[in-house]
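Across the two complexes that follow, chain A remains constant while its partner is chain B and subsequently chain C.
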Partner chain A sequence: MRIVEEPFGSGVVVKPVGRLDSTTAPIAEQAIRDAMARSGHRLLLDMGELDYVSSAGLRVVLAAAKQTSAASGKFLVCDLKPQVRQVFELSGFTRIIAIVATRAEAEL
Partner chain B sequence: MSDATERTPAERRAANEEQRRAALARIGGGAVSVLVVDDHPDNRDLLKRRLERLGIAHVGMAVDGREAVDMIRAQPFDLVFLDVMMPNMNGYEVLERLRDENRLADLPVVMISALTEMDSVVRCIELGAEDYLAKPFNPTLLRARLYALLEKKRLRDAVRENLRRLESDLEAARSSQLGMVPAAMDPRGAEWPVGIRAQLEPARQVGGDLIDFFPLGAGHCCFLLGDVSGKGPAAALFMARAWGTLRSAAPLWAERTDDQAGVAAMMAAVNQRMSEANPAFEFLTLFLGVLDVVTGRVVYSNAGHPAPYRMRSGEAPLPLPLVGGMPVGIDERVAHASGSIDLMPGDRIVVYSDGVTEAMNTAKEFYGDEYLAQVLDQVRDADPAALVAAVRQSVAAFALGEEQSDDIAILALGWQVGG
Partner chain C sequence: MVMAERSAEMAAIGDEVPILLDRIEAEGRDAGVPEPLLSELRLCLDELLVNVVNHGMPGPQAVVTVNYRLGPNGVWAEIVDPGPPFDPLSLPDPDVDAPLDDRVPGGLGIYFVRRLMDEVVYERRDAFNRLRIAKRVGAVSPSPTNF
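Now for the complex of A and B:
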C-alpha cells in the first residue's frame, strides 16, 4: 500500500494505491486520521487507484465519515473502480458515504 | 572544568559499585546461574571467585566436556564459560552436542581461550558460541561480557515467554469462539425435517465470522451467518458481542405479528445494540433467516452480506434476492427489510462469508462469485454435509499454496432432504 497526500481546496486529498484490506487498513487508517487532524477534518478520499476494498477497508472509510461528521467537517470519496463500487453498493455504503465521480467534481 | 569532574579513588569505587548493582539488577540479580568448564583447577577457581565477586550467586563447575554436558542436561544455566582443549570431550564437541540438542538458542556459551588460539575461537563461534574471553582474564572485559550476555539472554527469555503467553491466551480464545458454533442440527422425523451443517475457520487464531442456528419455538428454525469488518482479536470480541445480542433478541420472535415482522424486529434489536458503544466503528454483515419447518418458507433479511444460494435438485443454484439493508452496527436508525423464499422438499440453502469468494490463489486471482456458483452447480443434489465439504475443498484446492487470508464460514441447511 502506498498513500499519496496533497492539499486540495480547503482540505487535503488522500489517495491510497493498491489494495485496502485487513493488512493495509491500519496504515490507511493512520494516514487518514493524521490527514483529518491536519486539515480540520476536510478530506477527499481518491480511490482511483484502489483495486480492492475488503470489509476491513470499508471500516476505515466508515470511521473517516463518522469522525468528520462528528467534527462538523467534510468527507468525500471519488473515482471508485467498478469492482470497488460494487462492494460499496452491496454493503449499502453508497447511501451513507458522499461519493462523486471524479476529483474535478469534488469540492472541499 | 576538569577539577570539578575529577573523582577520588573512593568515589570511583562507589560509582563502580553502583554501576555493578544496577547491571546486576538488570540481569536478574542473585538468581543467575553460570557454569564454568575448564580442566585446570586454578583457572576454574579463579573464574568462579571473579564471577561471585560480580554478584553471580550460583557458579557450577565442570572438569571436562562430558561432565559439562551432563550438568547442562540436568539443570538450567544462564551462561556457560567453556574451555576449548580438554580431555574426554573438548569444547568443539560440547558445542556440537549442545547444537544437536537445540540448546544453544537458550544458552549463550562464551569460549575461554588464549589469544594465540584465534582460529579455534572462530571455529567455536561458527559452531554457535556467542563470544569469547581471552586468558588470562581481564576483570573489566569479563564483567562487560558477562553482563551484556546475561542481559541479552534475559530479554530473549522475556520475549519468548510473552509470545508463549500470548499464544496460549489466543488458543483459549479460539476454542471458546469455536465453541459458540453449534456442531450440527439433525432432522428428527416429520416433526423437525431440518438438517444443518456448518464450518467456521478463522484465518488467525480468532476471527470475526459468526455462525449460529437454533429452534425458535416448536415450528421455526433460525439460522444466521455474519462477518465482522476486520479479523483477529478485535473482530472476535465484536463477533462474540453480536452472537450474544442475537441470542438475546430471539425471544422477540414470540411477540411477532407475522414472520416478516419477527425477522425485522430481531434485526432492529441487534442493529441498535451493536451501533451503541462502538468506538472503533466496527460493523457486521449479516444474513439472518427463519425457516417455517412445516411450510418450508424462509423469511430472511440480508444486512450487506453476500447472497446465499438456494439449491434445488436439477436446477442451477439460485442466489437469494437481496432484501435487507446496510451492515449491522453502522446506524441505529436504519430499518432492515425482510423478504421470503419458499422451499420445496429436498431444497437446501448455502450461506457463506466472503472468505470463500475472496480467497486468493498464488496468481493473486480471486475465487469469485461465479466460481462458487459453478462449484455448487456440480453438487446440485448434495446434502448439507456434502455441500459444506464441497465448498471448503474447492477453496482449499483453489488457494493451494497461499495462506488463508480471511476467516471462512460456510453453513448449509436442508429441508425435508431425503424424506
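Now for the complex of A and C:
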C-alpha cells in the first residue's frame, strides 16, 4: 500500500492506495495520526484508489473518526469503491461516519 | 459436477496471509468464481486467517492449512489450525447500530463472515480447529453433492 497526502481546504487529504488490511493498517494508522496532528484534526480520507479493506482497516477508520470527534475536528471519507462500500455498510460505518461521493463534494 | 479440492499451507505469520489470499484469488478467477463472490471470499478468509495467526497459535513455526473448492457456482473453504480450542462463532456480534462514541473496535471480522457466507461451521477434531465456510451463487435447488 502507498499513501498520498496533500493539503485540502483548511485540512489535509490522505489517500491510501491499494489494500488496507492487517499488514498495511499500521502504516495507514501512523499516516492518519500524523496528518491529524498537523491539520488540527481536519481530515479527508480519499478511498478512490483503495481496492480492499478488511476489519483491520476499519479499525483505523474508526479510530480516526473517534479522535477527530474528541478533538472537535472534522473527518470525512469520500469515493468508496464497491468492496469498501459493502464493508462500510455491513459494519454500520455508513451511519456513523460522514461520507461524500467525491472529493469535489468534500468541504474541510 | 464436483469441484476439485485444493490445499494450501502457510506459516502462522501475518505477512503470509495476503500472499496466500492472492494465490487463492487468482485460482478462483481462473476457476470462474464471479468477482463479487471472490471479493467476499477473500475478505472472509482474511478475517479468519488473521484471527488464527493473532490469537492462539503455538508459534510462528505452526502451520495453517486451507482446503478449498472454487467454481462458477460457489466456493467452499476450510481453515485447519493446531492452536488451542477456540470457536470464533461463540463471540457475540458487535452492535453495528451503536453511535460513534459507543463503537468499540473488534468483532467485525467474524460478523462479516457470518453475514456474507451461507454456511459457517466450527469443529474441533483431532487437536485441530476446523472452520468451514461456503457460499453458492444463485442456487435455486442447492445440491449438497457439489460441496
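Please note the rule applied: the second predicted complex is superposed on the first by the 108 of 108 C-alpha atoms of A that agree within 3 Å, B and C clash if a C-alpha of one lies under 4 Å from a C-alpha of the other, contacts with A are read in each partner's own complex, and residues count from 1 in each chain.
In the analysis below, contacts are C-beta pairs under 8 Å (C-beta built on N, C-alpha and C of every residue); 3 or more make two chains touch, one makes a residue touch a chain.
None of these values were measured; they are calculated from a predicted model.
Asker: Putting chain B and chain C on the same copy of chain A, do they fit or clash?
Answerer: clash
Asker: Spot which of chain B and chain C makes contact with more residues of chain A, would you?
Answerer: The partner that reaches more residues of chain A in the superposed model: C.
Asker: For A:Thr94, is the partner it touches chain B (first), chain C (second), both, or none of the two (neither)?
Answerer: Once the two structures are laid over each other on A, A:Thr94 reaches no partner at all.
Asker: One more residue to check, A:Ser69. First (chain B), second (chain C), both or neither?
Answerer: The second partner, chain C, only.
Asker: A:Ala25 contacts which: chain B (first), chain C (second), both, neither?
Answerer: Only chain B; A:Ala25 stays clear of chain C.
Asker: Going by the contact definition given at the top, which residues of chain A touch chain B in one complex and chain C in the other?
Answerer: In chain A, positions 21-23, 54-56, 58-59, 62-63, 66, 90-92, 95-96 sit in both the chain B and chain C interfaces.
Asker: Spell out the residues on chain C that touch chain A in their complex, using ranges where they run on.
Answerer: The contact residues of chain C facing chain A are 14-15, 17-18, 36, 39, 42-43, 46-47, 50, 54, 94, 96-101, 103, 105-106, 108-109, 111-112, 115-116.
Asker: Across the complex, what residues on chain A touch chain C?
Answerer: 19, 21-23, 52, 54-56, 58-59, 62-63, 65-66, 69, 82-83, 86-87, 90-92, 95-97
Asker: Can you name the residues of chain B that touch chain A in the complex?
Answerer: Per the stated touch rule, the residues are 227-232, 280-283, 285, 304, 306, 322, 325-327, 330-331, 354, 358, 405-406.
Asker: Going by the contact rule set out above, which residues of chain A touch chain B in the complex?
Answerer: Residues 21-23, 25, 54-56, 58-59, 62-63, 66, 90-93, 95-96.
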